[in-house]
């Protein structure tokens, strides 16, 4: 099953995610300008700045469940809009999956993403092809499960997730929105990439980077570039 | 367009402080998490009414806090629904043991944040319910219909019912009935501005947009040369078609500017609406014309009809004392 | 910008009809010549208060017709004062034998039309007087100072005085005193539109205009980067400098949007105004924040301070029931 | 003293004036856009259309005083703004000057303009060089008086008035406004021609045309081009 993924890596992952989102704020807002209310980048940046503050704190002693719950509460309180409760629910539910306290193995990691996806789907009631973040997250989690079943390494599993997430995100360009603000545009929403599907892609992109590079330290001076 | 709201965080905080300073007898503001609460004392056991909304729709929701309407309102960032942390803080502050009702406009963000909050409150043993406001007939898929002017009306009906001692179940029922009796449609004219990112969408001088939302969501572009009665027909007919209407039906008419349309123009359209309704033998029993649900400085307005019965009319007429409504 | 008011004649007629339909319990409208009259019965011998104004400043003047304020208002075409024919018809309709007071904003057109009307009325033996509202401190020549927010305040003071039985002389005196105690200053932000001829003046995103009028008159262009407190300082300081103010002076603060500025921004500025006044130990005893004197959909607002004494405060507090003010 | 000027000529004059103003509506509004509130053309056209209606009526029997009073009332009721009461006062006061009932001689005509000017000046309290219609009307009336004193013909007297009016109108470009809305601009009003001075010029331009061409009929099918 390879090395376990520690809470330090989780922390690195979310720091990388926050940085990636902040870099892409205006891109996300542009996407939301075309088919929404022009705030997805603003919302996510607001949440990510709070997340960065949160991630400066006490990663030394927490277990993964507590850590993910606090990430969830940070997103819920700071992102706002639709994305806040959705990402928040993803992490809240991921936190309820089994861990080894301060680390997870690849099976547990995959299960964690599945728990998150199921929670997000219950919360938002969106299906695949509704043109939401589900179109990124669902194929990514399915790709993880398939790669895991094929007994691939963590690096391969997460690379598969990233690739499926990317395809899913791009697929949102072609489809009509059925959920969220973009649905008000009906067929006019076709031709535009969904902002939430895009911010969700970065979750898998940064996971593939941070969860597969191992290092044992987790002190707070360490920041993802 | 320039806007001083460009830096949402601090500007909204200052604006909230300004509201409290200007209406110290009616509202008080709490920060971190942000919510606004009524000053008037409430009866123990009274159902508390709470509404959250993105900012930029003023007077909704804060202008509706006060006696006979909302017990608390939670303002989010511009056009972004407030967080469960805010909603839960408001619930803690206003619950009198009679339970709490959230009046929620049907947008993903509003709904999801309310649901999360309700789950949290239930875990603490507080009975919080929600009603969804979904009056916008311009959306073909009924489940996706947005909340427009009926949000203000629902807050008034719920507040009056709560003030006069209805139980939580009864408040939920009558508010749902008020919403079910309401239909709305928006029209955008000229400039639509989302000041946060400095983007302004300018329509040509001779076009309107039918079925616009209150967050800059575009509608269907039509030429304006069709004239006021034709535009009013395109707005009102879908409303009338969506609920069975019969001669002598009584309605509450709300014509709300989105912010950038002068009162003169709102009254011009109101006159044409009255004319059309009277041609259908529908009686305007109550009405409200002004800026009651805005979209920052956007040009345009929304029209809402709520079919009245005696109970709804009496709840509408019940005394109210808020920054925006007072009788 | 598109505007449905482009064809002034018929649009204003329809708009007036709309106002009357929407407030049938408060106002009634007469056409040819056009004027709007209050519905509430008046005491015989009560001084009648009349105000005329170009249209486009709503709620001024029609929104101020009703118990405790105006007996009649005469709307002119957009930004153009009404004719003596209108004013005289209003005088005939509302005079109860106690004489009539015109509240006139100091613009050539308004003043000249009022004077002509007064000459005509005097020939018929009706005692008509006028008070000039000239609160705009941005105009260096005092005789040319325009009427801004003090027009709404003067109508309230005059109406309350008349309602409580003051004689014509006494109404004139107290209204003059109210105006003499008032100073205003306007600031324009972003878009300024004169829809009649389709002309829109767009300021750059980062500029404001200090000392603008309510008819699209330009002000002095300044960069906006100076921030809210600085802008508020530039607005309030000239007001404070123009009347002697001392610590513990009490004021009525009016912050009126010009139409295109969202309430959020008005409250943002109000907060900074409160802060500045409290630094000067000036007490805001009464206040009004909202669209009370507009300039069609123009972005910006005017700030008015009226120094209060007990008589003025009590007249301000006296009951009023009009479309725009009600307490 | 030459031929008398009849009420039919007064009627032709005012018809010509109404037509000239309507032709120049957008020009007048443009001038008022630069230094006023962009309505002088609109105001004047509204008044002139009412005046045209009024001039269709009963010119056959009226005397000049009654006629001018009714012109005044039409302008007062229909023009609005500052220009309405000012032009109205001009004609109201002109109507109080001596006439021969249905005609005036050149002395009376000149006096009529003087009465009108004095009334307008009392009403508006503007001086020469305040950048108003006074800057057109005052030099024009003074030129009439001078030409009359020099025993010139009606044609010469009115041509002198027209020329002085034209110079006065152009002079408003150079001066700073002290009255009316343009005064709010202070020195920024310099460089722009005053709209009221311009509409007043047309009064003398059309007078020079209509009051010096003699024809005896005054039926209502006759319209100034």
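To keep things simple, chains are lettered A, B, C and D as they appear, and every chain counts its residues starting from 1.
Note that in this section a residue touches a chain if its C-beta (ideal position, glycine included) is under 8 Å from a C-beta of that chain, and two chains touch if they have at least 3 such contacts.
What you see is a predicted model; the values in this text were computed from it and never measured.
Novice: Touching both chain A and chain C: give me those chains, sorted by label.
Specialist: The shared contacts of chain A and chain C, listed by label, come to B.
Novice: Centre to centre, using CA atoms, which chain is the farthest one from chain A?
Specialist: D
Novice: Averaging over Cα atoms per chain, report the distance between chain A and chain D in Å.
Specialist: 78
Novice: Chain B to chain C: how many Å between their CA centres?
Specialist: 29
Novice: For chain A and chain B, let me know how many angstrom lie between their CA-based centres, rounded off.
Specialist: Each chain's C-alpha centroid was found; their separation is 33 Å.
Novice: Using CA atom averages as chain centres, what separation in Å is found between chain B and chain D?
Specialist: 55
Novice: Residues of chain D touching 2+ other chains?
Specialist: Not one residue of chain D touches more than one other chain, so the list is empty.
Novice: How is the touch graph of the chains shaped: line, ring, star, complete or other?
Specialist: Shape of the chain contacts: a line, open at both ends.
Novice: Could you please write down every pair of chains that are in touch?
Specialist: Touching chain pairs, listed by label, are A-B, B-C, C-D.
Novice: Which residues of chain C touch chain B in their complex?
Specialist: For chain C paired with chain B, touching residues are 1-5, 11-12, 14-19, 21-22, 55-56, 58-59, 63, 189-191, 198, 203-208, 224, 228, 259-272, 274, 284, 287, 289, 291, 294, 296-297, 299, 326-327.
Novice: What does chain B use to touch chain A in their complex?
Specialist: Those residues of chain B that touch chain A are 8-9, 33, 54, 76-85, 107-109, 112-113, 115-116, 139-141, 144, 146, 194, 196-197, 199, 213, 215-218.
Novice: Quick one: which bits of chain A touch chain B in the complex? Just the residue numbers, please.
Specialist: These residues of chain A touch chain B: 29, 33, 37-39, 42-43, 46, 73, 76-86, 88-89, 123-124, 178-181, 183-186.
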